[in-house]
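Heads up, the thing below is written out as structure tokens.
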Amino acid sequence: MPTLTGDSVRLLLEQVAIDVESNKDFLCDLDGEVGDGDHGVSMTIGMRAVRRAMDDLPPDPSVEQAFQAASDAYAIEVGATIGPLYEVAFAAAAEACSGKADVSSVSDWVQIYQAMFDAIQQLGGAELGDKTLLDSFHPAIEKLASLEGEDLVSSLEQAAVTARGAAEATKDLKPMKGRASRLADRAVGHQDAGATSLAIILESVAAFAANVRS
Amino acid sequence: MPTLTGDSVRLLLEQVAIDVESNKDFLCDLDGEVGDGDHGVSMTIGMRAVRRAMDDLPPDPSVEQAFQAASDAYAIEVGATIGPLYEVAFAAAAEACSGKADVSSVSDWVQIYQAMFDAIQQLGGAELGDKTLLDSFHPAIEKLASLEGEDLVSSLEQAAVTARGAAEATKDLKPMKGRASRLADRAVGHQDAGATSLAIILESVAAFAANVRS
Amino acid sequence: MKKLINDPFDMVEEMVDGFLSANDDIVKRVGRRSIARVTSPIDGKVGIVVGGGSGHLPAFAGYVGQGMADGAAFGNVFASPPARPVVEATTAVDSGAGVLYLYGNYAGDCLNFDKAQDQCREMGMDVRTVVLNDDVASAPIDQADRRRGIGGLFWVFRITGAKAEQMASLDEVFEIATRANANTRTVGVGLTSCTVPANGRPTFHLEEDEMELGLGIHGEPGIKRQKVAPVDDIVEAMMDMILGDLDYSGSEVALSVNGLGGTPAEELYVVYRKAKEICDANGLRVRHKNVGEMVTALEMAGASISLVRLDDEMSALLDSTVNTCMYKKP
Amino acid sequence: MKKLINDPFDMVEEMVDGFLSANDDIVKRVGRRSIARVTSPIDGKVGIVVGGGSGHLPAFAGYVGQGMADGAAFGNVFASPPARPVVEATTAVDSGAGVLYLYGNYAGDCLNFDKAQDQCREMGMDVRTVVLNDDVASAPIDQADRRRGIGGLFWVFRITGAKAEQMASLDEVFEIATRANANTRTVGVGLTSCTVPANGRPTFHLEEDEMELGLGIHGEPGIKRQKVAPVDDIVEAMMDMILGDLDYSGSEVALSVNGLGGTPAEELYVVYRKAKEICDANGLRVRHKNVGEMVTALEMAGASISLVRLDDEMSALLDSTVNTCMYKKP
């Protein structure tokens, strides 16, 4: 069972940053089909700022500090829709970890993800089915919650697989929020960019955890 | 032997206009390689104006009137380098035909072409070898002059063939005048647009004369 | 992608540097991504703060100066600025008379400007907002609050800025912005995509004979893809949408033809010619006009037409002097 | 080719119609292809007539108005106007104080303007000409009379127009135009071709990774085709050519970055940033500046940099008010 201390979360977020940036062009292409083609760029700008923020953390940061620094990075550098959404999401993650020395159980991660989800939903006001990142996040959290008490690595992996499938399934949804909503029926058939980057992040978390164990 | 009255010259110029416009894109492409890509457009604008001018001629115009109307059309509509050059060329042709009821002998046409050539050279100041329309015109006139007294149709045809060959041979010349001159060596290998449209005009004259005979 | 840039991730930074350097007679820097008039805050004057993603110049920063805006916040390309630069600009322009935010209706801009507004109010500033939504094509009239803001922003900035320049109160400035926005309609058409520099590939693809009607200013697909047509037909379709959306009959109007970035001014004048003809035919008196680039989408080819139904006050305000970084009139 | 036009052979006509309609507060029609200020002829004022091919807006007609030109003649796209519209414009602006022609050095323009000058002189008007040749890349310095006129035209029009506005004599106006031209240098770079509407196909082809250094404003190939590079390197190469051609040391200068039509303003500011930095590093004091589209080549992507070595008189003239159709400054 990998124990993720604050310093591990720092490394984890650097890993996430690399995985997101590696998919910049793919995410832009998805956004370009129905949006304005910048989602990969916005996420890359945010994640580059996260990496700089991780560099600037004090030695042995707390889990809370690491997540809060990521929130601040998004707040300052990103803008767009996605900036405030991840800002509040990371801030909620920080709060959920307040006082915790490490995040090592499935229930720790359910708490983190759920806090992030709630913050995003509260700020953005989207409903499930609106073709947003909530649509890949929600089933992943449900999956993870169903695995409480089980092995962290395999649970995070199953949640990530669920997220990826759900992201792909956004193809069938008709968008109601954000830029793509203006396209209504024309957006059907296109996979949502934000749901996809969310799945990439969840996959990255799972892969990182897997590496810590070995 | 075809007798070209003023009214025939009116038709002849309409024929020339059609042949030039048919080659608009080809002439633009030639000009685009080393110039500004507009030669086919300028000649088409000029020749369309010539056709309108021919429509507006009084019944049974003189040869002089027909050529002068073409000169005026170029003067008013074309501009660019080529506008004033064809303006003075057609005006010189008109003057050369002053008082003539028809232009039917080889020597009539030598006179017309030579007057056009001289006017262009005087206004434009180019030398032979400068990669201009003079370089296809000059050998064609020499050829025609060498055929004085012979059959008009076959003589005009031979002059046109000479012009076409000479236009193609401008590929080897280094331009000294006009826009292309700025490119110096880069222009070598490209066929001059103005020399080519001149050859097209000479071919059109020959073809028209051939049709009148039959 | 060929652009006159260095690292695409440095482009906005370097653009802001160049913008400030080229316009230092009119604007000053107040943060990394925020500017204000050199004279800000102006005693007793309501401050107008505009902003949005980069890639739309002259919108938004280009309109800072006498007769339009007082401050602006720069976002990344096609991405709303975060709250911070908006707060910086607000702080820099607030003289105590209050500040009005004007920006186009996009989810990102609403989120970030609202957050800035909250923060500034907490600091004791009197801040209000009018969200602009002139784009007829982006939603039906009964869902006008979902419409986005495009080329007509220019007129609302201009009318509101002129009012604020007269030292009107925040209530008055808010009211005229609301009125100007309610009377402004725009329809756009796109012929080519644009390329977000840090993405590097065109946002979408149009065939050699296709255009997109109702296109926005971010390269988002429009409402209808169709074959290119003679511009007179295109303008007729655009004007039909505009005139069908608001009752302009018998009004004085302001008419603008906005280039999206890649379309030469020559073509914009051809568009203007037809749009003006249609106004004339409908008995609309064109009192104010503008042809050029007002709200662009990087290098996208295309144009938008905006029509404002004027009243006497708006019309008179448009006669005033304007001297911003990128729009000037003696 | 996708353009917002009707029949390409009608484009110039329709563009002129739209231009006149959109700018009827400043200019009036004096012939099918010629315009003058509504106030022309202005008593005692030397008239400035500019002109050239269409496709370069704001050049040339866009610069008619207070503080720049009095009249302009429109040619077909990329083709000098014939003599007639030049004569019409000359006649319309001549108040008896004489007229000065200003245009770029191209064979066609020289032929047609010279002919117009001859005709006007025969009619008794006092007409003189200064042919502009700021393009460093188009010929070596010892053959400067073969150099063409490009983006620097803007500054010469502006300085000369300001002088004429002060009711200077034809001799004085001629002298300052000559001086401004002699002190102006420009280098351009092109990233894409443009398409002459009535031709319908791009004038030339550049690969996805190629640019053309020293490109003119008609899509004529430049002096050197090379791989695209970071813009800072490109600007350095351009500034090297400019600074190597004229001794600017210690001078006050006017610096402009001109977009060729298809390049967004954001990129022009990135170019300006570096050009200004190089001026600073060389001890040149940038007193006047302009970033935007000044002399374009239809929708070509690219830019040019112009640098004017100013003296006190030129610098002061550039402070005056200007109110033309497409360039205004209070």
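Which chain is which? They are A, B, C and D, in the order written, and residues in each are numbered from 1.
Keep in mind that, in the parts below, a contact is a pair of C-beta atoms (placed from the backbone, for glycine too) under 8 Å apart; a residue touches a chain by one contact, two chains touch by 3 or more.
These numbers come from a predicted model, not from an experiment.
A.B. asks: Work out which chains are contact partners of both subunit C and subunit D.
C.D. replies: Of all the chains present, none is in contact with both subunit C and subunit D.
A.B. asks: Hey, how far is the Cα centre of subunit A from the one of subunit B, in Å?
C.D. replies: 72
A.B. asks: Please report how many Å separate the Cα centroid of subunit A from that of subunit C, as a whole number.
C.D. replies: So the centroids are 33 Å from each other.
A.B. asks: Just how far, in Å, is the C-alpha centre of subunit D from the one of subunit A?
C.D. replies: Measuring from centre to centre gives 53 Å for this pair.
A.B. asks: Which subunit D residues touch at least two other chains?
C.D. replies: 77
A.B. asks: Among the residues of subunit B, which are close enough to touch at least two other chains?
C.D. replies: Residue numbers touching two or more other chains: none in subunit B.
A.B. asks: Work through the pairs of chains, note which ones touch, and then classify the graph as line, ring, star, complete or other.
C.D. replies: If you draw each chain as a dot and join those that touch, you get an open line.
A.B. asks: Would you mind giving me the full set of chain pairs in touch?
C.D. replies: A-C, B-D, C-D
A.B. asks: Residue numbers of subunit C touching subunit D in their complex, please.
C.D. replies: Where subunit C meets subunit D, its residues are 2-7, 11-12, 14-19, 21-22, 54-55, 57-58, 62, 66, 189, 191-192, 208-209, 211, 228, 230-232, 234, 261-274, 276, 289, 291-293, 296, 298-299, 301-303, 321, 323, 326, 328-330.
A.B. asks: Can you list the subunit D residues touching subunit B in their complex?
C.D. replies: Touch list, subunit D to subunit B: 9, 53, 75-84, 106-108, 111-112, 115, 138-139, 146, 148, 196, 198-204, 216, 218-221, 223.
A.B. asks: What residues of subunit A sit close enough to touch subunit C in their complex?
C.D. replies: The touching residues are 24-25, 28-29, 32-38, 40-42, 44-45, 48, 75-85, 123-124, 177-183, 186.
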